[in-house]
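Okay, here's the structure, questions in a sec.
Chain nomenclature is as follows: A, B, C and D, assigned in order of appearance, with residue numbering initiated at 1 for each chain independently.
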Amino acid sequence: MKTLIKNGTIVTAADTFRGDVLIDGETVAALGAGLQAPDARVLDARERMVIPGGIDVHTHLDMPFGGAFSTDDFQTGTIAAAFGGTTCIVDFAIQEAGGTLRRAFDTWQRKAAGKAVVDYGFHMILRAYSDAIGAEMAELVAQGVTSFKLFTAYPGVFYLDDGSIFRALGRARDIGALICVHAENGLVIAALVQEALARGDVAPRFHALTRPPLAEAEATRRVIRLAQLAGAPLYVVHLSAAEALDEVRAARAEGAQVMAETCPQYLFLSHENYEEPGFAGAKYVMSPPLRSAARQEELWRGLRNGELQAIATDHCPFNFASDKQLGREDFSKIPNGAPGIETRMSLTYDGGVAAGRFSVNRWVELTATAPARIFGLFPRKGTIAPGSDADIVIFNPGARTTISARTHHMNVDYNPYEGRTVTGVPETVLSRGEVIIENGRFLGKPGRGRYLKRAPQGAGEANPWKTVPQDASPRTR
Amino acid sequence: MKTLIKNGTIVTAADTFRGDVLIDGETVAALGAGLQAPDARVLDARERMVIPGGIDVHTHLDMPFGGAFSTDDFQTGTIAAAFGGTTCIVDFAIQEAGGTLRRAFDTWQRKAAGKAVVDYGFHMILRAYSDAIGAEMAELVAQGVTSFKLFTAYPGVFYLDDGSIFRALGRARDIGALICVHAENGLVIAALVQEALARGDVAPRFHALTRPPLAEAEATRRVIRLAQLAGAPLYVVHLSAAEALDEVRAARAEGAQVMAETCPQYLFLSHENYEEPGFAGAKYVMSPPLRSAARQEELWRGLRNGELQAIATDHCPFNFASDKQLGREDFSKIPNGAPGIETRMSLTYDGGVAAGRFSVNRWVELTATAPARIFGLFPRKGTIAPGSDADIVIFNPGARTTISARTHHMNVDYNPYEGRTVTGVPETVLSRGEVIIENGRFLGKPGRGRYLKRAPQGAGEANPWKTVPQDASPRTR
Amino acid sequence: MKTLIKNGTIVTAADTFRGDVLIDGETVAALGAGLQAPDARVLDARERMVIPGGIDVHTHLDMPFGGAFSTDDFQTGTIAAAFGGTTCIVDFAIQEAGGTLRRAFDTWQRKAAGKAVVDYGFHMILRAYSDAIGAEMAELVAQGVTSFKLFTAYPGVFYLDDGSIFRALGRARDIGALICVHAENGLVIAALVQEALARGDVAPRFHALTRPPLAEAEATRRVIRLAQLAGAPLYVVHLSAAEALDEVRAARAEGAQVMAETCPQYLFLSHENYEEPGFAGAKYVMSPPLRSAARQEELWRGLRNGELQAIATDHCPFNFASDKQLGREDFSKIPNGAPGIETRMSLTYDGGVAAGRFSVNRWVELTATAPARIFGLFPRKGTIAPGSDADIVIFNPGARTTISARTHHMNVDYNPYEGRTVTGVPETVLSRGEVIIENGRFLGKPGRGRYLKRAPQGAGEANPWKTVPQDASPRTR
Amino acid sequence: MKTLIKNGTIVTAADTFRGDVLIDGETVAALGAGLQAPDARVLDARERMVIPGGIDVHTHLDMPFGGAFSTDDFQTGTIAAAFGGTTCIVDFAIQEAGGTLRRAFDTWQRKAAGKAVVDYGFHMILRAYSDAIGAEMAELVAQGVTSFKLFTAYPGVFYLDDGSIFRALGRARDIGALICVHAENGLVIAALVQEALARGDVAPRFHALTRPPLAEAEATRRVIRLAQLAGAPLYVVHLSAAEALDEVRAARAEGAQVMAETCPQYLFLSHENYEEPGFAGAKYVMSPPLRSAARQEELWRGLRNGELQAIATDHCPFNFASDKQLGREDFSKIPNGAPGIETRMSLTYDGGVAAGRFSVNRWVELTATAPARIFGLFPRKGTIAPGSDADIVIFNPGARTTISARTHHMNVDYNPYEGRTVTGVPETVLSRGEVIIENGRFLGKPGRGRYLKRAPQGAGEANPWKTVPQDASPRTR
């Protein structure tokens, strides 16, 4: 079965050209102008961009939280992703307290199986580090889970001390895994939260005030230092504060192997959202919190300059009318998280490309190519090239749409960008050559998404920090 | 006439994949796996990389110097370039003292016509700035000369004062041109040279000692500041000192629109070459001079991290046995410059990719794609994509070769890398679909190279700093 | 003749203690508690501070300007200084275009003789640099003029190019002189002024808008670099912009021998003063101009942290009703300068000590001790110690006064701080043991002030950068 | 009883003058030239400097360690201090695990009573933080213990987690106490030590290799951040690595209230000492360890520029022949510490003043005045001014002496500076007016030293960061 996308403007991280994409089965067969394929289904891409499907490497679908779960499971979540132009996700499996990594891996495989409509991989969240866990990490790498997330935040839950982090970094270095870190100083934050509650400061905005930018900057710098000492690469998730970006930039200039992602919420929303009337501020309770608008432009600049490498979502939805209400009397009880898996591509096209902050190629790089490289999915995912999976979006850069919970496909009762009109709309979405979104309808089948075994660090081109010499026969898959 | 490059590993700034390139006439028609073209000439690229031809945006061919000329003209120089895997150059036309820009443009067109074997464009060197020159700049932009080079060095020859530089930056901003700068504090250097000669310090190494890294760092910072004040982008040519890179990095972090190139000589050679016996140090007399080896790795890191955007050569050969001898008794009389147009691609593959400092994609970006974008040649040049000129090199990443004046094709009697063995050899070279190098032989015809009208800044994707929004129909040429 | 100051709180750059100061003739004889001197005149300092008289190292008295002169001569200016608690000044003698330094020195000696009521020294402003001027510099040093001021501003008037500055720095290094620099990029400013006038932007605020902070930061960094290259110390006068302070801080951290002064106007006034109604903004036309209030606190912090070493005034008064009106139709014709010699000590006590920004010892250091050290007046001036000149102020730290042109003693028709109430008033002022201000009256005699031959750099403790080892018999004078 | 020191060169942090010091009883009565006091004992200071007695704010006398104690108690230790020109110490009392602060305070009072020959104060080391400890801290402040030391190092012994440190900082801020921190990442170090021992790397040099500079830089930055978040000042003890100084400098430029001390061992000894033959490297086992000589000059520069505020010793002696041998088979068992209380003043005069790195006034400031200010002892201690304690050293800046364990007065069998000849010798030492060292003999009596109740932060001039306005009657004691 062949598909021919005709007359589009094909955009990759490097190139922009008018032409056609020929898909044969699940992969791209050829790129060219005036390609012929008599037996192919033809998709007209005139006045459209043809881009690699987005890759969201930070999602929390069906995530257990206090007896319940984040409101999108792998079915609703990946359908929403597909509507938004994202054709691949990497979700976070979570080690249970005292549990094995294998068990968590199996649990998340079950969560996704039969539901996911796009391809998916897993990171693994570690709640502790020990030699036994280190041994299991190697087994997980063999299963394609090549990245592990640690927290300096959430004492008593996910918090790891510096010694454990340092040992995990050393282990990751040895087995070709990448450590991802949520960098906020959780112990300081706990003290600030306790002080705030003692003062009676219980409203949502105190969530942000008790998680100051310096608490993120400090932890970011610290874990970078641990990574430098371990000789390991590091990936900082959801960098939110310009103060933390300053630390990343300084460390990169010294040669530290540190990469960082930011998320649309830190580019478009700000501290002021916590001031919305009533309890509405709870919609924006996430960690790290929204920051001052005054330094947002620095994040955009970091995306342009290459100091930030990726844009992900930290999609973790909770309903406002129910879940979020748990914290009405105490901000620290508000479930942390917000929806975003569906809006990432349009928001960042609008604010990045349409607003002139960076080129369309850089947009593709930030939302697809670089995440694929960093997390061992490239070149199977993240680009449009012969041999790559035909995860492709036909994107209308001239169309405008207004974001709303009334029309979105995520399973959550509010949208943090409610009412915002953006330029740039994903119209047709292909996953491994199959059209799954067309004319505003989802055409795929739950469970069609496949688990992706990701390559370890240093294999091929997965990591921009890679230092293994090329040989004459670089692998293409 | 069609050509089919089969079974290579095709490498662009973003992608690496096994496959074929189909060329129809002068441009790329298709990329794919298993492409068929019964009527095409087939080039076997098994175990080879297929890369965009290199672009050298800093050459001085047939450059007048004290009554004579640099020893490579557009014929010998572009043949050597082709042997080295470079299929496009941008040479510096030079305003005569008191002369018009038009006249310089015409002179350089004549120099190239009938001789060049690969395509070429021109920058224009300004010796002064005035309203009249500003008016002429716009005319040159219309002719495709969209970048102008200024000097803070060489008082009495090319030196412009800060007021002239600032006005030229403002003018460039208004007409979509890019200012390039040779940044060394020429007035301080003149004083140091005078002091050295007065002390009797006449040997070649005093060339370097009188051009200290801080004189480059100072001028670099200064012109960046002028560009910030003018709201204009800036391109720093031949950045040589880590101290200057520090200034570029700091300014970019502030949001300054500054880009910089370095050259192989600053990555592979060092101050110690000036200590070679006898007068041999004169071979390395160029400006800026070679620097300490101790901080060279910082330049490599800048290339990897994106702080430096391009690698060019500053190719400007003079014979050691004759020209360079002019300065036997006085280093300040040694003609400034050294050959390099032929060795750039292999050297930087060897030191960059084979040595594991950056990926093969980044190498392509630094030597071809980014120069094309910055100087308005993209996407016609600088990539392998449908519609692009078929300037393509079949590169053997496993072959080794030893650099020597005995075997090089440049018209100069020495090679600064004499005896160095490098990994990575351009084997077959195509220019607009025509095989011009094959089996170690040049197959092209002098004069086949064409003049390239370059696009102004802000047109399409020429400039990474571009802030013009994409529309639904991005131009492809 | 002896004088005994009893029961004060004596404050030096290091110490704060309750006690007495015994003066014998012109110098301090003893410090102690309960000192006895039956024959001495007694001054009661109960509830007062006893501090070293202020030293203002940046004044322009009787300065020629367009056929006229700044409105304070050495009589009115030094009387105002004395009222303000300043007992020593260093004024700028100015080389005439083409004139000798000797002639300028003689001219300024004549200006001061018979008029000055406190002791004074001279810096010398160079309009050019040549070997002949270098030779004269050494003669001036022998005469006690051990500092020379250069400009990167005012092209056609005082502007020196980088080569001249570099040579002057080298000469100063060799003869123990200190180069002072007015650091703004005059050539860029000239272009901006021309553009503004061409646009019809003639109001006083365009004076500031055409002298942007980056033009100061650039020149500051540049001259620091030249000083580093010359191996010479450097003193930056009237640093006004936080951007320039950033450059000073960075250079000091690298080991550069750079010192800098700021002035009260940059701590208390701001860009907003240019928005005062009518032509009132002209009162604040000085160079560098007033800056944004937003970054003023950084200057205060620099004073506290030791990044800035001195506070001077750049006192250069012109009458608003007459002189300043010259620029009614063209800001570039407004005489540059404002009065301040009388208000420095109270303003900086108020904003520095009373506002809690730094200690009273640091205030004494910034306004007296450090200027004396830097400019070769210490320990004769700048402290209260046995053997030092009895230049002493009895200062009431609890009194408040309101600044006004109606009550000030400067010969100028406005005061830039009109109406500002400050805490801290100099009450009794002694110069070399003679009470010259008491009960709001001036008791001295014009001409009583003496010329001070200043010591060269590296002699004794003049310079914080001094590296000459102490011997067993450090000189005390 | 009066004493008159005649004809010396009196040096304070601000002043240098030839003259006399009159002492009446325990305090300074007057400073002057030609002072008369017929009944006074006269000490001739011709060709000598008269300086404030040194203050060593970092000592560990009679410190419990593994069942034994550091080898100097308050008698031998303070006698050695006096021989070395130090007349005041602040020693570290140590909370027992689970014990009260009061008990530790009483224990240390008993250790000192009847033994100390110079005046002394105490810091208190916290092993934990809780509300109860916070309450006790206020009681200690009332007893004159106004500084508390915390560790990020030594997990299981002194290590505090970030939450405890943050809460202690907040408490200190509220009660006018100063937090001192030993900043090394102890958890990372523990992991590195474990790795080293597992590899069989047991020699003394692995002590240093397992405590890398970045582990200090990281912890320094981290605790500064916690202090910024708490709004509290911070004092970093024994800063050893230039990488940590970089963090202090950057934070101070941002306005952080951070101060830091270094010690002579980090200025004069280096990593290479660990390579001494046999087990001799154990002599230098201390924490932080000795660092590379290559960056030592940066510490000297920090002392000159004001980025470092004090020089202390971390005196903590253990005998090489016995105590240090505990770690023969395992570097981690070597008692940490080395002697230095006696050599500080001569070493830093030699390397600082005689070598031309800073002025004699800055030397006095670093070794006496600033420590006194920072720790609430000023102006009673730390200067020579009327009313201050007559803790005075007559110092011979021209004499030379060779350091050796054979001649030193410390109770330890080796000297880390063995054989080093230094310029500058303390000859006569007075403590509260009593001559306790003269002609190489100790004349005092054990137990003559008194406990010093230190003032809280913000009282008077104790702290350079003080922001309390001066009133008309600043306290002198």
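Note that in this section a residue touches a chain if its C-beta (ideal position, glycine included) is under 8 Å from a C-beta of that chain, and two chains touch if they have at least 3 such contacts.
Fair warning: this is a prediction, and the values are worked out from it, not measured in the lab.
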Distance-maximising chain from chain D - centres being C-alpha averages: B
Chain centre separation (chain A, chain D; CA means) in Å: 51
Cα-centroid distance, chain A relative to chain B, in whole angstrom: 38
Chain B and chain D: spacing of chain centres that average the CA atoms, whole Å: 58
Touching two or more other chains - residue numbers and ranges from chain C: none
Chain contact topology (line, ring, star, complete or other): ring
Interfacial residue positions of chain D with respect to chain A in the complex: 155, 161-163, 166-167, 170, 185, 187-188, 190-192, 212, 214-215, 217-218, 221-222, 225-226, 228-229
Sites on chain A touched by chain B in the complex: 9-10, 12-19, 22, 29-35, 47-49, 249, 252-253, 255, 301, 304-307, 353-357, 359-362, 365, 369, 379, 383, 385-388, 396-398, 460-461, 464, 466-474, 476
